[in-house]
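Following: one structure in structure tokens, then a few remarks.
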Amino acid sequence: MDIISFSRTVNYYETDRMGIVHHSNYLRFFEEARVDWLAQLGMPYEVLERRGLMSPLLTSACAYHKPLTFREPFRVHITLTQYNGLRMTLAYRIERTTDNALCATGETSHCFVDAATFRPLRLQRAFPDAHAALLAAAAGEDE
Amino acid sequence: MDIISFSRTVNYYETDRMGIVHHSNYLRFFEEARVDWLAQLGMPYEVLERRGLMSPLLTSACAYHKPLTFREPFRVHITLTQYNGLRMTLAYRIERTTDNALCATGETSHCFVDAATFRPLRLQRAFPDAHAALLAAAAGEDE
Amino acid sequence: MDIISFSRTVNYYETDRMGIVHHSNYLRFFEEARVDWLAQLGMPYEVLERRGLMSPLLTSACAYHKPLTFREPFRVHITLTQYNGLRMTLAYRIERTTDNALCATGETSHCFVDAATFRPLRLQRAFPDAHAALLAAAAGEDE
Amino acid sequence: MDIISFSRTVNYYETDRMGIVHHSNYLRFFEEARVDWLAQLGMPYEVLERRGLMSPLLTSACAYHKPLTFREPFRVHITLTQYNGLRMTLAYRIERTTDNALCATGETSHCFVDAATFRPLRLQRAFPDAHAALLAAAAGEDE
């Protein structure tokens, strides 16, 4: 399955007094792209959440290569780099759309928890469809 | 009872590419000051929330007089301008601490709802202690 | 000229612990829509800014009618309600796209300033093309 | 020199619909603490900026151990782990003040650039006082 990269332009309120996107917002760009990616995989996050699944972050990392600024269009490319039923790791590349300049790279790792108890859960048992979709995505990356 | 005005300094991430505090953040300053004000009145918002009360906004308004910028200290003065058991209206003045310059004025109005159902509730019946504290605050403003 | 309403869906990071969009974010939605509206009128804000024009807020107001929540699609309809060469006032309606429910209404008023000096300027003299576009937009609203 | 850890409590608008602090905000907590830390070292960031120095991020990383939530007090402990005149790396520990629970750890690395040109600069030549303060801080960590 072909995933379409998430894309949009930078908002004014996302810039800071350096005139560029504040570094904390890249984690928000990653999140927007991740939600879009999950929906494309057939797992809209709002549906998973309603069914009792949450996927909090364990770690995040970002390398800032080139600053994005107001109104610049960018896209976020996501790769599932690790998935073992308990945790997943996603890698991100943010590129400026106008010239394909690499602006940021990053990574987030996630576990899966029961929304009511915040207890970790095995995706395979609790959400077999989500498990299958992530396995397929992981396999797709290997091709 | 004397309420101490909430005060702090501007953070870097609160500025935008104009070099000044982004206008949306003043609503966040109002909220920080409101939470502090409620705690000083003996009603810490986190306690009310745990007891099932939420106080969403009905309206907000802000007039921007003088921009605040990075690291400038400011204080927020709150006045309870209306309270009738179902709704309350608060007025805000934000002043730069260094020279008392008036930077922003604003207003928020709130109702009270049951946290579980989002249904409006009469504060007097459900939270008589909060009702009494707000009545006292309203009276204090009249003196 | 027909302006297309700005639309997108709510992001996770825009919600708060009430489970709904934090009230301060509506001002950010207004800004996103305003930037889009100016571009459709032929005045991309980033171009005006590069030419030395900034348009800070004088006032903002918002009434919260119905909460938006994560992943809900919404659109923002803008009306130019006042323009006199020195100031403009815009009115906003935010509707949930799925059922046209009215979620928020609001208003922002703006002056025009020289980006270098922060001094007010008359749009007609300094940016006659922007002045003409806003006059046309104001006339369009009257039809 | 003894540095006092930065501390404050969590704001409502910093939480998300999971009921806890949104993960992106930890980078903002790091920034607030970093600005405070620089001021305690005798290098208020706003003064450095006025003198033409900016210190953009090269990388950031955060591990989320225990969620913080609304009104919880926390402190941020900073260690300068690397400084070579061109770059610096800071490590962060965020602890909940009430029980010293470790909530997050992280790292940011920075270069130094001329605010006008965004060109990298050697701190020792351009800002010898800042260079000396960072060297002293680095030495202090070794003790």
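In order of appearance the chains are A, B, C and D, and numbering begins at 1 in each one.
The rule is short, and it goes like this: contacts are C-beta pairs under 8 Å (C-beta built on N, C-alpha and C of every residue); 3 or more make two chains touch, one makes a residue touch a chain.
Given the structure is predicted, the values throughout are model-derived calculations rather than measurements.
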Greatest separation from chain B - chain, by CA centre: A
Between A-D and B-D, the pair with more C-beta contacts: A-D
Whole-Å gap separating chain C and chain D, where each centre is the average of the chain's CA atoms: 35
Rounded Å distance between chain B and chain D, as computed from the means of their C-alpha atoms: 29
Centre-of-Cα separation between chain D and chain A, whole angstrom: 25
Overlap residues in chain A, where contacts from two or more other chains coincide: 12-13, 24, 28, 31, 70
Touch list for chain D against partner chain B, complex: 11-13, 28, 31-32, 35, 44-46, 49, 70-71
Complex interface listing, chain D residues touching chain A: 18, 20, 23-25, 27-28, 31, 54, 56-64, 67
Chain B to chain A touching residues, read off their complex: 12-13, 15-20, 22, 24, 69-70
